[in-house]
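Next up: the structures, one after another.
One chain, subunit A, appears in both complexes that follow, with subunit B as partner in the first and subunit C in the second.
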Partner chain A sequence: MRTLVRPAQYAALALYIVFLGFPLLWLISASVKSSAELNSLTVSLIPQAWHWENYAQSLARQGLVHSAWNSLVVALASTALVILIALPAAYVLARLKGKIRAAGVGWILVSQVFPVILVILPLFLILRTIGLTDSLVGLTLVHTTYTLPFALWMLQGYVAAIPLDLEEAGSMDGATRFTVLRRIVVPLLAPGVVATAMFSFVSSWNEFFFALVLLQSPENYTLPITLTMFIGGEGKVALGPLAAGSVLAAIPSIVFFSIMQKKLTGGLLSGAVKG
Partner chain B sequence: MPRLGGMERAKRREAIGLVMPSLLPILVLSVAPLVMGVALAFTDARLVRNPDYDFVGVDNFVRLADNSFFWDSFRIGMIWAVSVTLLQLAAGMGLALLLNSGLRLQGLTRVLALIPWAMPPVVVAIMWKMIYSPNAGPLNAFLGALGLPDDTNWLADFSTALPAVIVVGVWIGMPQTTVTLLAGLQQIPGELHEAAAMDGAGAWRRFRAVTLPSLRPIITSITSLNFIWNFNSFSLVYILTEGGPGGRTMLPMLFTYLEAFKNRNIGYAAAMGVVLVVVVVLLLTLYLRSQFRDEKKG
Partner chain C sequence: MKTRGASIAACLTITTLLVASCGAGSGDDDGPVTLTFQSLSDQPAAIEATESIVAEWNEDHPDVQVEIVPTGWDGVYDKLITQFNGGAAPDIVHYEAASIVPFAVDGYLADLSEYMPDEKKADIPEGILDSVTVDDQIIAYPTELQSYMVFANKTQLEDAGVEVPTGDTMSWDELREIAQATTTGGTYGLGWGLASPTATFMSMAPGFGGTYFEGTGADASLTVGEGEMALPELVNTMAYEDETILPVTMTQSGSETLASFYAGDVAMTVQGSYQAANIAKDAPEGFDWVVLPPLAGPDGAEQAANPQTLSVNIDSEHVEESAEFIDFFTDTDNLAALNEADALIPATTSAQEEMTASLGDENGWSTILSSGQYLTSAPYLFVDAYAQWKDTVATPAYQKFLAQETDADQLATELENGWDEITK
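Take a look at the complex of A and B:
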């Protein structure tokens, strides 16, 4: 019996690996194929010839670099804002008990299931009134607001893990509250802040819906929007450069994600279960 | 004693000061829009310059009740959300169990299992469009090599479009479910399994008697969250099919988006949003209640 179980398990694992991995390999393979090969009927994972110039072409075309720059600016700005405003709030959330904490944690959980479609309509009207539609500033504010709850959740978990005794020992030594925060709490929080920052960056970098609704002029497009413009005229599109651009767009997210993967294990739920 | 009260008050003031910077954007850009969105559903607002709109009571909802396109889309949304959620759970559970049973290649599988989570949904959609491509796509080439029909236009055929996007939905959402379930599996004490094995329970019995009951709270929460996330999902299907062919993949979020930003009927679209939210909350309450009741019984 035992001898049959292992091979069956490996067969199942192989299926998973193919299902999860093959699409990625295909995208990478397409990114170095010529258009002729991509449209031909002989289909093969290994390219007949390696056309690395697809990458150069994708970078040269249709403002891809410009929109990557826009994405980078929005992602960095919203990440900085998220950390800046979430850090003090997360500290309070983790250290205070009672109603504020319950309300805060409750709100974070509710916001995970927020009906974005209902929110976007008035949000669009509000931002239009203050002239922030079709603006990277407006998009940054929206990304900040919608990343904030999860960032708060992550950060308050890290704060809660710092023993209160450490802080009290600091105050006994006569340090002011601010000094205690700066000298003891912030350094211990650094890894948590890094993980949260990466999460915020990836959320903003990948985000599509708000960008689609809010941005109108091509010079403001973020990377995901520009990539969808590439698909537009089906057939006419140079698939090789499109695949190359897609690979490039995915790299920052994948790199950050693999660095912080250990911290995400269990994610929202492990926090919820462990309290 | 009064001094302590003063200190408490100062502490509270400090706490409010620290929370304010987070609270403000949430109130302005998230809570206020939600309330306004509900209010909008009772108006005839249109998305035009200098909007001028009136309160129309429940008119939008009455109209919506007769809008068969909306209910078709709603039905498609339910099929999509339920099947993606169930398949995510089944596939995620299988993978989590494999990752928890000491096989080789775990490192590789773990990395692969996380990548779909990290990738921009736009890139995922572009990638799967290539996989499904009718002429030069690898899926049809593979089927052709097996001697099966190899000319299916997966994303444009009335009967295959919805299943095809569901597969992509499972692909992109499976990692989070897997990772969550795996974390749960690793918290189950090994002694429980050993005791069951001593009693002569086979693998399947052990799974039913030990693993499932221990994972139950986690399964309940991850399926609830997945269901809501899937029901609210937009980007993936918008790029894969734009709701086509002939509305066969028109998820309610796409339908509402088009009503608001293409037809510019923003009040009517808000009413759709309200209906969607109410139904989802209702379904979820029923589900969580039944789970809670079973737990009490079990």
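Take a look at the complex of A and C:
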């Protein structure tokens, strides 16, 4: 019986990977199919003929590369801002006791219940007053604000998981509060920071609605806005170029994840409990 | 080490924000008037046609330059609401009649009646002009339209001994007979993408005398009678009594149904007229297809028109210049070029004639263009709660009816009660 456990585990894992990877494979397949093949009843993962023109059309149209650059700038900036703000705030939230903590946690939870459509108009008016509509700076601030509560919630969970005894042990060994934070808390928080950074980056990279409403000039458009232009009125969709554009759009996220994943596992291994 | 990491993060933030700010916005300089034209053109050929028309205008009008702001259809309603409320709407707004009317009712659009030349008014069929007229004010220039047409596999019709109809119009009875004649074995006579049936039923109801709504704005009332129920009941009969509609297509979109048409699983399909361009592009080699004459009910071949539109922001500092540009944009040649690129029907008679003359019957163009004469205004365009009723009441109710979960009486009751609940 035990000999069957390991193969069953691998089979389950393989199924899970297929489940997760199939949409991406299908997207890649659609990106190299002709319009005629995409509109036929013959369903196949392998294209009948490789139609690379979709990529050429996708790149030639609507400034895809420029909007990808805009998305990258906004995603990196908002991720950095979120981490810079959330890291100390999460520590305070996790370690602080009393009413301020309760109020902080309450604010985080309440902020999650407002639908985007409800806040967009006041947000637009505020940003307009300070001259930040149609601006990547304005969008960065909005993405930061929008992502921050959940990032804070994530990080404070990681901080709470660090035993207070470790900090007290550091203090007893003569370390200052700052040294304890720098040498003990921050290294142990690395996996949490990486996970939060991944969340922030992907949230900003994929964000559509704020960008749609706030950005007016094509030179400021981010990638999700540009990709929707492949979807037309009257139900018209340029499916092949849209799939090709989506594949290209996924590349930075995949690269970012593969870089950060090493840090994620590395951080976990370099924990404080060394024996 | 960690301090250096924090510094890098801080530098990264500052640098990216600086880079971001470099690419953001642009100030207005002294010089020629610049009009912003928020365009929803999505097909590469239509984008090219739009850019060409604007370039020609800009060359001829150095003092009034037009800047295209391309935008997608997805989410544009929310974008416009925010833009208008926030005082940041473009000068010229591209949209569609059914969606732009509420903005006119709320006072966001300029009255273009005095700017539209009489020749242009005469060139736009009355029903289409009515679709962009709110409280006796012309709130937009109509540009492009679609109608619902029947596309047929000529070979399958001929093999079934059916003579391909060629008259000015074709009756629904004729369609039903052809569907019966071409339904054999695994092949069905008709494929009809009715996943979102409301727009189709509303658009084709005028042919049966169906109007659905009376009155406008918040005072509109809904009546579902014989004229409104005729088409849903006909579809039901064809699907379940005649068994001439391929069942799966009734759960698909129009575009998805085309795959069954190409595969020969259905001999005919009802589609938006613009699909002619896609069929020409995507159909298998040797696929012999034809566009059948416009469908006519007991009250004629009329279909509700929901044209794409060009409007002017009432807060624009250059309403007159914007209207002049739109008038230029909708010149016969320009409108014909744009509609040919988009595979749609021009809103002016002269542009329809020009396209008919230049394109002939290639890809069914002459038949499709002839359907333009039957496009007319529809009351639903001017009803405040229509969009909400359509999404929350009508579409689910029609879907249940088409799935035979409810009968005709229950459908009518659901449609009317749903309306009452929304508007009470």
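The rule is simple: the second predicted complex is superposed on the first by the 199 of 275 C-alpha atoms of A that agree within 3 Å, B and C clash if a C-alpha of one lies under 4 Å from a C-alpha of the other, contacts with A are read in each partner's own complex, and residues count from 1 in each chain.
Here is the rule we use: a residue touches a chain if its C-beta (ideal position, glycine included) is under 8 Å from a C-beta of that chain, and two chains touch if they have at least 3 such contacts.
All figures in this text were calculated on a predicted structure; none of them were measured in a lab.
Undergrad: After lining up the shared chain so the two structures overlap, which partner does A:121 touch, if you call subunit B first and subunit C second: first, second, both or neither?
TA: Both partners.
Undergrad: Which partner, once the models are overlaid, touches more of subunit A's residues, subunit C or subunit B?
TA: Tallying touched residues of subunit A, the top partner is B.
Undergrad: Using the touch definition from the top, say if A:40 reaches subunit B (first), subunit C (second), both or neither.
TA: both
Undergrad: State whether A:174 touches subunit B only (first), subunit C only (second), both chains, or neither.
TA: neither
Undergrad: Please work out whether A:231 is in contact with subunit B alone, subunit C alone, both, or neither, and reply first, second, both or neither.
TA: In the superposition, A:231 touches subunit B and subunit C alike.
Undergrad: Mind working out whether A:74 is in touch with subunit B, subunit C, both or neither, as first, second, both or neither?
TA: So A:74 only meets subunit C here.
Undergrad: Between subunit B (first) and subunit C (second), which, if any, makes contact with A:7: first, second, both or neither?
TA: Touch partners of A:7: none, neither subunit B nor subunit C.
Undergrad: Quick check for you: in the superposed arrangement, does A:136 touch first (subunit B), second (subunit C), both or neither?
TA: So A:136 only meets subunit C here.
Undergrad: Scan A:27 for contacts with subunit B and subunit C and give back first, second, both or neither.
TA: First partner only, subunit B.
Undergrad: Output the subunit A positions appearing in both contact lists, the one against subunit B and the one against subunit C.
TA: Residues common to the subunit A contacts of subunit C and of subunit B are 39-41, 84, 117, 120-121, 124-125, 208-209, 212-213, 228, 231, listed in rising order.
Undergrad: Considering the complex alone, what residue numbers of subunit B touch subunit A?
TA: For subunit B paired with subunit A, touching residues are 15, 18-19, 21-23, 25-26, 28-30, 32-34, 36-38, 40, 47, 51, 91, 94-95, 98, 101, 103, 105, 108-123, 126-131, 135-138, 140-141, 171, 174, 176, 179-180, 182-183, 203, 217-218, 221-222, 225, 228-229, 232, 234-235, 238-239, 253, 256-257, 260-261, 266, 269-270, 273-274, 276-277, 280.
Undergrad: So in the complex, the part of subunit A that touches subunit B is made up of which residues?
TA: Residue list for subunit A touching subunit B: 5-6, 9-10, 12-13, 16-17, 19-24, 26-27, 30, 38-41, 43, 45, 84-86, 88-89, 91-93, 96, 100, 104, 107, 111-126, 141-142, 144-146, 148-149, 152, 202, 205-206, 208-209, 212-213, 223-224, 227-228, 231, 239, 242-243, 246-247, 249-250, 253-254, 256-258, 261, 264-270, 272-273.
Undergrad: Which stretch or stretches of subunit C touch subunit A in the complex?
TA: The touching residues are 2-3, 9-10, 12-13, 16-17, 19-21, 23-26, 40, 42-44, 69-75, 78-79, 81-83, 85-88, 90, 96, 146, 253-255, 258-260, 262-263, 265, 272, 274, 278, 281-284, 308, 344.
Undergrad: Which residues of subunit A touch subunit C in their complex?
TA: Per the stated touch rule, the residues are 35-36, 39-41, 57, 61-62, 70, 73-74, 76-77, 80-81, 83-84, 117, 120-121, 124-125, 128, 131, 133-138, 140, 182, 186-187, 208-209, 212-213, 216-220, 225, 228-238.
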